[in-house]
Every structure is written in structure tokens, then in C-alpha cells.
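Please see the structure below; I have some questions.
All chains are identified by letter, namely A, B and C, in their written order; residue positions are counted from 1 within each chain.
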Amino acid sequence: MSALLAIEELSLVFRTRHGTVRALEDVSLTVDRGEIVGVVGESGSGKSVMAYAALGLQDAAAQVLGGRILFGGLDMLNAAPDVLAATRGREVAMIFQSPRTALNPIRKVGQQIADVLLEHTTFRGAALRAQVIEALSRVRIPDPERRAEAYPFELSGGMCQRVMIAMALACSPALLIADEPTTGLDVTTQAVIMDLVREMSRTSRMSTLLITHDLGLAGEYCDRIAVMHAGHIVEIAPTVELLARPAHPYTRQLLASTPTPRTTIADLVSIPGQLPDLRQELPACRFSARCERHIPLCDERPLPWTVVAPGHAVRCRVPL
Amino acid sequence: MHFFWKRLLGTIPSLIGVVLVTFLLSHALPGDPAAYFAGPAANATSIAEVRAKLGLDRSLPVQFLHYADDLRQGNLGNSLTTGQPVLSDLIERLPASIELTFFALAFAVVAALPLGVWAATRPDSIVDHSCRALVSIGAAFPTFFIGLLFVYLFYFLFDIAPQPLGRLNEILYTAPPRITGAYTIDSILAGEWGVLRASLAQLILPSVSLGMFALAPIARITRAAMLQALGSDFIRTARASGLPTRKILINYAFRNALLPVTNVLGMVFSFLLGGSVLIEQVYGWQGVGAYAVTAVISSDYAAVQGFVLTMAFLYVMLNLVIDLLATAIDPRVRFES
Amino acid sequence: MNTLARNAAHAFGENRLTLVAVVILALLVLCAIFGPSLAPYDPLMTDGAARLVPPSAAHPFGTDALGRDILSRVIVAARLDLGMAVAAALLSFVGGLALGAIAGYFGGWPDRIISRVMDTIMAFPLFVLAMGIVAALGNSVLNVIVATVIINLPFYCRFARSEVNVRREMGYVEAARMGGNTALPVLVTYIVPNILPPMMVQVSLNMGWAILNAAGLSFIGLGVRPPTPEWGIMVSEGASFIISGEWWTFVFPGAALVLAVFCFNLLGDGLRDLLDPKRRT
């Protein structure tokens, strides 16, 4: 069976006033039906850029140099605008960080959900209204009839994110892309939101692509995790495997810098160096400048994938 | 509707301030109103008589109370030039000014909103650059100069506009029976379509010249607000939800951009009400502005004060309308207050 | 300083128009200073034989109904027009800064009174208020300036008030206060110098409006009296010849007005870009 979402060797740059930013290089990733895949990396690693490209929503300054994105067989990078618009919101939906600003501030939240349903379904009038209430109660918003009449500023951040999820799931999409969905929410709300996302995935066999900088969060909720660094995917593995046996030096450092219930502050290690400037000429392995295992061979192109275990691949000459 | 009353009450301090300022302008400033009202042939005794008659010999607070009481009774004094009560002079001419200002505003809004939206959806395109050029140039043209240029171009050179001599060519047409005082509305009510056509023809040049100056700030702010709205997170959400471009542009971006636009309307009305004085002068428009200019030149005190008071009152009310409009657009405003 | 220089290079390099505006304004200022000696004719000299002469080599801008050379009148008028606008803008700048600083620094009842007064001024359509003021004070150039100052005051005052209000709480001001400085030295040495640059931007953005305002008042016959050359009154005098097609009588003084206002606006935009590149529009 082919994957629901297949990103194949995608390379993408931004042409800016200050030079060309090589945001993604040779990125490949698949998401199967019902699967929750995490993409983890520091901010600026290109994970959000990849997510937007998957929706065909890349910035006007973005230019795809190679590769393609197939969603259920549809070529997302070359599809006609109306085909893309019909797919977005119905087949693939997205939720964002800072839910408060992601909702239209001067439109009632029920109306915003209705906008999506109006566009993608045949529900009208009372049936439409019932669907809106249904969507809100599915994400366990108490008193949905009343909340549907509220404006975003009248709701808490967590409640707004629930509305976002309700909106994203209103048309029962096959894929949900969640871009840092819990950033900016308090810790208890984070867990509630993530439990909700997982439950929705499980009950409706919806696939989820979770974009996050938090390896701990991804470890808790994902089936598989891809680690991104400076526009490259450097390692990809089933969650248990990745957490137990990280093969890429960057993944190991990322793990060491992630707090778990058993670590103390003293155990946490920060990753030395910073992301390379993506406008400059870059080495084959973009982590090499930060890596203590760097050897001359690392600088030879192309940088190959090494399969260290079934389903566990790493892009490193000297894996752990 | 509790909200509406609160806003209405909020205009009271402004109105008190306006009355106070017009009072000060006419009573507490250099120059002797008594000597002035007594006329050029007056001597000391007759001036003193006038002073006592006008109550100018009493203390300022007492004078203010009298002034306020006169206002309450609608007594703005008599005009020296027309010999009529100022109030009836103003009521007679106000519809003409309001009609002109309304058409100018309509022109400015109808031209500026699409222009600003268009420019914002195509940043750095030719449309965008021409919008910005038009905004800069429009802001630099004095209203009266635009008015005169239009007369020269469209009346003298191209001969497509009627003679700029007032609201109606009185030789060919007679004014419709007065109901509202606005010729366009009255001629519709009377069913006199020829008069309607003629009065609209007279209106076009003055209202476009007056509207030009208001066009610049509206287009400028529409463009900026649209750019900001289009770059915001909720537009990204709407696009990610597959909403059609038209709906995103109108229901999402434009509605949000309207709030800054309504906020600039206050300034626009200030321009329009001030500019209408100059435009009425250029086009021989028989409104309150032209009346006031005559009054100012001939030192007709009461008429000028009445005019200033009327315009300020109108402006305060317009600001109230703008406020209510902003509340209708943005629910947050209602909750902030 | 380095960033300022870089911003300046950017503002001028990016936007040649700003440079053009500066050059034209410099020319206008030259006219204002040396006007009478630059003008080819005496601006008041009438010539019955050369009435309403169209633009020609002898009279590049033509002559008016009394045979006066329009070019000379336009040049000489620069002093009065710019003078009125500069005087009005500077006075309202100083007054607005002082009132705004007091309101913003002390808060409380001085703030309430000053803000209330400014709100009251803003409750009028400003040009209408200016007409009322000139009518009450008497029809003179000085009173046109006074009226322009009053209607511009709220903009400067509000701006200064909010700037001072923000800065009052800042660390370096706190420190100066702790160090035993009283209100006036704190305001003058620590706060005002920091808000001067943005205020200067306001001045140049405001200049154009001050010119339009003064010219509008002269157009309806307030302030300047004939035969004094002034752009607004010249446009007004020329207006009667539109119907007979003598366009040069009003176009050239009007164009001078447009040019001056346009350049001040451009300069203001350029200055704003220079001081605050982020707020570019």
C-alpha cells in the first residue's frame, strides 16, 4: 500500500533580498494511513517550511528546485489552485501555534467552522448549524451552542486551539498537519490538546504529521519520528527505536537536551554551536561544524543514508 | 443598546467644549464686540448701551450662561449681512453643504477602497506603485487648486461639464419644491428627472474635487491595513482550510482592514467639512461654507460663530456615527469600553 | 551613528525622490531668502500694456490682470508662504512639546486638563476652527499663524505626551530621578532629547499641511491682503480668468503650492524611514 503523504527528495529555496536561503535539501518523508509521524528540530530547521509545502501553501518567495509531494496521488506542488483549495480543509487540514491569532478575530468561531463546512460539504441551514455544534462537541468544548457564538478573544488559548482542531477536523480529513500545536499553551492544556489529537487520529484512522521542537512531546505521541537539522532530515526511525538507540550525533544531543521525568537540570546538555547560515555555501553534512565525530569523509558528496535497523535510517558517515 | 447610550453620553463633554470655545471666541478675545455691534457711527454712550443690552458688562460666567441659554432656544443671533436670524440662514443653506460633502465622501470611499485593496493584493506591482504615487500627489494638492484645475479642464477646455455656477442652472431649471433641501433628493421626490439630471451634473465636479483630498488618506490606510491583514495568521488558516480566494479577501482580510479605515474617517470628515468651504467658494455653491466666507470677510460675527458651532456639532455627531460603525465592525471594541 | 549613516544611505539610495525633494526644497528656501533679488521684475509693478500676457520669453509664467510678472510674484511669495508655515509648525512644535511633556510626565490633573483642551480642539473640523479664530482675532497674517498653531497643537501634544509617558518609566530615567534630579532637569536632559528625532519627523510631515492650511485661509481672503504676493491669494485672483482661459494666472502659483507641499511630504516620509526603517510603508 502506498503512503498517504509522500515527500520525495524535496529541495526548496527562498529567494530574498539578502541572498538565497537553502531551506530544504533532498528531504524525503512518508506518512501512512492512521500513522502519527513527528518531525522534530530546532526552530529554523525547515520543519514548518516542509509542512506548508505539503499543503501547497509555500511563501511567494519560495522556489522548488526539485522533488515532489504526493498526497493521495495528487501532486501538491503542481496541482491547479482550485484543486488544491478543494483538497485543503477537506482532505488535509492544518492547525497552528498561537491559536488566538490563527482565528479571525472579528468572526464568531461557529461561523468560521461553518465557512469551512460551507466550502467543502453540502450541509446548509439547520443541518450546517448542527454540524458546527457537532464539530465543537467532538473536541469536548463544553456548552458548544453558546461557544459557537463566541469571538476568539472571549475564549482561552486552550479553548481556541480546540476550536482550531474542531475546524480542522470538521470535514474528517485524511491527514492533519499540526504545526507546534501546543506552543504557548500551559502544560496541562498541552497534554489535553495532544491527547485529543491522538484520540482523533486513532478513532477516525486519520494520519497526523506533528511538527514540534519538543522531542519529548513527539516521543510521547508519535509512531515514528524524523529529526531535522538545517534543512536536512538527518534521522528517521520508529519512536521507541529512536529514543533507545539514536544513531545520529545530533539526535543524541537533542535527546540529552530534552528533559524527562528521570533527568535533573544538571543532566541536561545544551547543543554546542548553532544552525549554519543557510545563505552560505554549505558542507555535505550540515551538522559537521557542530559535530565532534567529524572526519574528512563526511565532506564528500553525496551524503548517503545508512540503514541501521529495519525502518531506522540515518544520514551520517559515522553513526553511533 | 446600553452601549449606544454610553457612546451618546460620551459626546456631551465634546459638545460642552465646543460651546465653550465658540463662546470664548466671541466674548473673551481682543476687540470690543460692543463697539463692533454698535456700528461705525457709535460714540461712547451708544457703545455702553449696546454693551448693557448684550449683557457684555456682566461677568464672563454669567455671560456664558446667557449664551448657553440662547443656544438652547436656538438663538444664534442675527446676521449683519442678510439681516436674518443666523439659525434660519444656516438651515436654509446646510442641505446644500451636506449634499456636497456626502457625494464627495461617497466618491472618495468608492474610489479609494478598491484602489487600496487592489494595491495591497499586488505589492510592488504597477498598480501598487501608481496607488502610492496617487496618494502622495493627492495629499499635496490644495482642494481649491484641484477645484479650479477641474473647472479649467472640464468646463473650459473639454466643455463636458456645466458652468460652475452653483447647484442648478437657474435659467433652464427651477429648483424642486423644498422638502429636504437637497436638490437630488427633492427632485426625486417631486419626480422631476430633468432637474435631477441637471443637479447631478452640477454636483460631479465639486464633489470629485472635494473627494480627491479625502481619497489619499483612505487609500493609504486601506492599502496598509489590507497588507497587514493579508499577512496575519488567520489568513493563513483560511487558506489552509481551502476557503475560496474571494471569501478570504472579503470576509476575512477586508473586514479586518475596515477597522483602521473607520478610524481614519474622523480625520477625513475634518478635511471634508473644512475643504467644503473652499470648494463652495470655487463653484459658487450656495452652502454654509460660502455663507461663512462672506460673513468672515464682512466681519459678520454672529454668522461666523453660528457656522463654526454648526460645523463642530455636525462633526461631533459624525464622529459618533464613526464610533458606532467601528463597534459594528469589531466586536472587541464593544468589550473594551 | 554608523547605523544612522547606513539608514541615510539606504533611504536616499532606495528612494531617490527624497533626494529630489531635498534639492527642490533647498531651491524654494533660496527663493524665500533671496526672492526679491532673484525675481526678474518687481512683483508689485503693474504694466497696463502687458496685461494677461501668456507665458513667453519675457514673462515665463505670463502676467496677471494688472500686468504684473507672475514668475516674480511666485518667487517672492515663497518667503511669506514658507515663513507662515515654518513659523506655525515651529510654534506648535514647541508649544505641543511643552504641553505634551508636562501632561505625559506629571499625569494627574495637568494631564487631564491638557488632554481635555486638546480633545476640544480636535472636536472641531480644523479648517473651520481656524476660520473662526481668524474671524475673532482679526484678519491679519499674524492671526492666520496663530490659528494654524492652535489647530496643529493637538497633534504634537498627543505625540509628545505618549512618548514621554513611555520613557518616564524607563530605567535611565528612573536612575536620573533616583540620583536626586527634579522634574525639569530630568525632562530637559533625559527625556526631551530622545523624543526630538521622532518629533522632527512630525514637523516635516506637518509642514505640508500647515502650508495648505495657510494658503486655504488666504484663498478665502483671510490674512494676506492684495497686492501682497502669496500663492493662495494669487490662485484666488487668477480664478476669475479661468472662464476666459487665462490658465497661467492660477496654475503657476498653484503649482508652487503643490510642489512645496509635495516635497515636504516626501521629506517627512524620507526622514521617517531614516529614523525608523521598520515602519516603512
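Rule of thumb we're sticking to: contacts are C-beta pairs under 8 Å (C-beta built on N, C-alpha and C of every residue); 3 or more make two chains touch, one makes a residue touch a chain.
In this text, all values refer to a predicted model and were calculated from it rather than measured experimentally.
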Between A-B and B-C, the pair joined by more C-beta contacts: B-C
Distance-maximising chain from subunit C - centres being C-alpha averages: A
Subunit A and subunit C, separation of their C-alpha mean positions in angstrom: 55
CA centroid of subunit B to CA centroid of subunit C, Å: 23
Rounded Å distance between subunit A and subunit B, as computed from the means of their C-alpha atoms: 54
List of subunit A residues in touch with subunit B within their complex: 55, 57, 84-90, 93-94, 96, 98, 101-107, 115-116, 119-120, 151, 153-154, 164, 167-168
For the subunit B and subunit C complex, residues of the former touching the latter: 13-15, 17-18, 20-22, 25-26, 29-31, 136-137, 139-145, 148-149, 151-152, 155-156, 220, 224, 269-275, 277-278, 281-282, 292-293, 295-297, 299, 301, 304-305, 307-308, 311-312, 315-316, 319
Subunit C residues within the subunit B interface of the complex: 116, 119-121, 123-139, 208, 212, 215-216, 219-222, 232, 235-236, 238-239, 242-243, 245, 247, 250-251, 254, 257-258, 261-262, 265-266, 281
Subunit A partner contacts - residues on subunit B that touch it in the complex: 232-234, 236-245, 247, 251-252, 255-256, 259, 329-332, 335
